[in-house]
Structure formats: structure tokens, C-alpha cells
Amino acid sequence: MIAARGVGKRYGEKRALRGVDLELPDGGFAVVTGANGSGKTTLLRVCAGLALPSEGELVVDVQRAQVGYLAHDPLVYRELSALENLDLYGRLYRVPERRERIGMLLERFGLWEARAERVSSYSRGMTQRLALCRTLLHDPALLILDEPYAALDTQGAELLDAQFAELHGERTILVSTHDPARIDSLATVRVALAA
Amino acid sequence: MNYLADVRALTRKDLLLELRARDTLPAMLIFVVATFVVFHFALPAGSSRLAASGLLWVAIVFTALLGLGRAFVPEREQHVLDGLVLAPCDRSAIWLAKSLATLAFLVVAEAVALPVFALFFHGLRGSTVAGVALADLGICTVGTFVGAMAVVTRARDLLLPLLFLPLAIPIVIGGVGASVVSDPGRYLGFLGLYDAVFALLCWAAFEYVVTE
Amino acid sequence: MGRTYRISLPGLAASSLVLVTLALALIFFVAPTDADQGFSQRIFYFHVSIAFTAYLCFGLGAWKALVHLWKRDPNADLESYVAIHQGVIFGSLVLLTGSIWAKISWGHWWLWSENQLVLFLVLFLFYAAYFMLRFSVDPGPQRANLSAVYALFGVILIPISFLAIRLAQHFIHPIVFTRDGPQFGGWILATYIVSQLAILVLAYTLYRLELSGKWLDLRLRELRATAA
């Protein structure tokens, strides 16, 4: 699903990513590791389509509607409620049976009780769980997650583990992390970035 | 029809955000009335109709700027715009929805401002109101577009007036012309031309403002 | 990085020198003196040539901007920037020459009734904002995209503003200073053509000069970055 050869990214003179090769087949699970500043986020952004590579070849064999991206930022409106945020994304992604799916996700990630409250009142863990809901809402074929465990609380982390176990092999997953030990057993492709 | 559904969903979101925050619209209302009071003292006695009409347009442009500066604030925080750009919808829908929401606020502000203006200064002609309506379209489409550009820069709030005002000069000319001249048809026509040309340009170009 | 051009830079520089000298000679020694305005009218050979050149520069900037957005040509962004830079330089000269003419002819440093002058004022403000925009974004694809889009807005603004300014004259009721256009015949036409050509070649020379300087600069920085 993703084929990258010599992909690099430069912003003016600053080099954010250098010569990366990645071969991720459908159903694969890729784990990207590297120190801070090695370009993990840049690589994931490029694969998600938010940035274009400055050099090299990149083929991501999937449409925008099929990509679910979890960024450092939760990408939700703080002044809206969880329900309103997911409803907006649900409409934009044309999710079938939108209300049911939103309800199911909120419940699974323990946000049902807080669904009508503004995101600004959530804890960091809750916000990250909402971001996960947003990412999974449209059941994407390609999941790209940028350090998903970083902002999750214990409950959220366990839920994510369960989610990975469920989706492994069924969906293509690309994860960057500081703590590879947790998901190493799931990895079918490993990429280590040098700064 | 998917496009319209996207625009509707996004416009609803923008209107909802303003309803929650309740800061931009009251600020615009107070600002525009305060500006009129300032104008009264700034105009020498026995000023022509032209001078007062001209100042109406200054008030409208700067009140609009106030609102436009707030337009992309929710998206700027924490890069929420990335979330919208990732969605499969046409990127121009983001611009159109934001323009419509801003237009709604501007119209509400003017619904108060115009009667106040008529009260403080001299009455209001039909052609002035028509001019305001047409100018609003131009102000909101171009202003929202340029606001999106300003929001990704370092200078942000500093940059928006600089980018917007030169583009707004033709709107002011059209508007003032429509307000004072005996046959305003030409000016109203010009405003319509401006609106059509720039709306088309904004619609076509917005994709490039939010993507690489 | 950078293109190969058929006409070399030294060749261009030499041509500009020759043409500008020729133009100056024609303007000051050959072209007949205007009956109404006398010697000061000669500034018009510059003023009109520079104005037309400035429009072309903005047009080139917009064209390169379109090429950048459409074809993703890696050279186009810098070329667009340099073209617009030249446009602003020549635009400032339009304002300067126009102002001088106004002072000499009518005793005022500025005339709102001169449509061309007012248009260049608006454009100057617009493109000044272009530079503010460009320098407020870090170098990269986003800066290139924003600059390109804004350059396109600029070129559309030119005719729209011109139309607006002409419409504005109707209600601003300026004291209209009529300027009898020169009768385009004989030496006047020849002088004008040579001046226009001279300014065009000069502008293109400066464009190429600035471009090569910028490419060199970029190349040096890149080499420095790789060596580090």
C-alpha cells in the first residue's frame, strides 16, 4: 500500500527527512522509530498526504477518504463537544450510519458520558481518546498514527492495544513511537530513522 | 450535491463556534457604532453627503476586518485545519463555508449599523443598501481567503489588513459611487463584476493555500 | 537549479547599455520639444516605457506563479518572485517620474486625477504586502504556494483597479488637468519605441542578473549545508 524509495523532505534549507525507504504491503504493520528530530512526524505527514516529498518516490495506493491520521494535535475543535466534532467529521467522510458509529466509538473509548461536553473541559487523555475516535470514525484502510501512546492515559493505552490487536492484518497500520517495545510484537515492517 | 452537503456541514460548524464564543459579533457591533461616533467628531461642520457616505464605507471595511481576523482562529489553534484538509471534501468548501459564516456575521452587524448610520448622519438610499449587499460578498470572499493566508504566517494579525486593504479599494470605490452618484447602476454593476471575478479566483485557488 | 538561457547575461548587459544610451540621446537631442509643456514632457518617454515594463513584470510574475502551481516547476517560484521584485522597482520609478512630471507641469507632487499614477499606488501597496507575506513565512512549499496565489490575485487586480479608479473620477470631481497627448509621428514615435525597447531590455537584464545572484546564493547555502 505504501512504497517509498529515497523519500526526503526539505523546508527551504532545513532538512526534515532524509532518504527513507519503506515498503508496507496491505495489512502490514509498520513501526517507525527514531530520536526527536529524526523526521518521524514528517514521514507520517508525507504518507498521509499533508506534505509532498521534496525528493524520492512515494506511492500511497489509497484515496484520501481511506486514510485515518492521528497527529500530535488532536485536530478537534475545543469549543465543540465530542458529539459535534465527530458529527462534522462523520459528514465530511460520509460515514454510513453516522450516529450509530459515533455512539459505538464513544462508548468503546469511554467518552459516552462526556459526549455533550466541550472538548476544552476534557483531560489530555480524554482528548487523545477522542482524537482516536476521529481517526477510526470512517473505518480507514490505512491508519497512520503519530506517537499515539504519548498523550494517552492507561485506560486509553489499553484500549488502543485492543484496537491494534483487532485490526492487525485487516487494515494497514503505520505507527511512530518512542517506545517500540509495546508494539514490537505486532510489527511486520520496521523503520529506524537517523537524525 | 456532496459539495453542498460539505459546505453546509462546515458552515454549521462555523456558526456554532461563534454562537458558543459570542465574542466576534458583539465586538463588531460595538466597534461599528463607536466608529460612527468618532466620525461625527472627525467630520467638520457642514460636510458633504459624499464625506459621510465615504466614512460609512470605511466603517464597513474596518468592521469587516475585525470579524475576518477572527475567522480562522479556531482552526489555527492546534492545527485543526489539517483535519479538514485530510477529509475527502473539496478544499474550496472550507473557504466557501467560512465566507458564508463571516457573511452572516457581517450582515447582522450591518443590520444594526445601517439604521444607526441613517440616524446619526443623513438617511440611507436604496442604492447604498444594494451597494452594501454586493460589497459584502466581495469583502467576505476575498477577506476569508486572505485571512486563511495570513493565519499560516508568523505575522498573522499584522498581515491581514495589509493583504486585504489593497484588494478592498475597488470595493470601496464601487460602494461609495453607488452611495452618492445619481445613477448608481454602473457602480453596482462593477461591484457585481468584482464579486464574480474574485469569487471564482478564490474558489479555484484555495486548494493551494492549504496544501503543499 | 536555474535554467540555461540562450542569451547570455553579458550580452544582455551590453545590449541594455547600447539601447539606453541610444534612447537617452534620442530623448534629449532628437525628439522635438512639445509645444504645450516644453522640456518636461520628455519625461514621458521614460514614464510610459517604465509603466508598461512594470505591467509586464507583474504579468511575468503571475505567469511564473501559474507555472509553479500547475506544473510544479522548481524554478518557477524564484522566477516569479524576482519578476515581481523588478515590477515593484519599476513601479516605484513610475511613481517617481509621474510625481516629478506633475510637479514640473502643474506644481503639485501628487495628482489624484492621474489614473495611471493612482493605479500604481494601489499596486505598490499590493505588492509591498506580497513581500511582507513572503518574508513572514519560512522558506518551503507553503511559502511558494502562498506567493504564487497572491501574485495571481495581483494580476487580476490590475484591470479591476484600473476600472475602479476610472469610475472613481466621476464622483471625486478632481480638477482635471488635461494632458494633450503627443502626436505620434516621426521622431516622437521612433524615440518612444527605442525608449520602450531600452527599458524592456534593461528590465530583463536586471531580472536575469538578480535571478543568477539568487541561484548562486542558494547553491552556496546548499553546498554549505551538505558539507556541514
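Going by the order they are written in, the chains are A, B and C; count residues from 1 in each one.
Here is the rule we go by: contacts are C-beta pairs under 8 Å (C-beta built on N, C-alpha and C of every residue); 3 or more make two chains touch, one makes a residue touch a chain.
Not measured: the values here are computed from a predicted model.
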Chain pair showing more contacts of the two, A-B and A-C: A-B
Chain with minimal offset from the mean of all protein Cα atoms: B
Chain centre separation (chain B, chain C; CA means) in Å: 31
Chain A and chain B: spacing of chain centres that average the CA atoms, whole Å: 36
Inter-centroid spacing, chain C versus chain A (mean Cα positions, whole Å): 49
Residues of chain B touching at least two other chains: 211-212
Contacts with 2+ other chains: residues of chain A: 51-52
Where chain C touches two or more other chains at once, by residue number: 138, 141
Chain B partner contacts - residues on chain A that touch it in the complex: 48-52, 63-65, 67, 69, 71, 73-80, 84, 88-89, 91-94, 118, 134
Residues of chain A defined as touching chain C within the complex: 10-13, 15, 51-52
List of chain C residues in touch with chain A within their complex: 138-141, 143, 221-222, 225
Touching residues (chain side chain B, partner chain C) in the complex: 50, 149, 152-155, 159, 162-163, 165-167, 169-170, 173-174, 176-177, 180-181, 186-187, 190, 193-194, 197-198, 201, 205, 208-209, 211-212
Residue ranges of chain B in contact with chain A within the complex: 2, 5-6, 9-10, 13, 16-17, 20-21, 74, 77-80, 82-89, 211-212
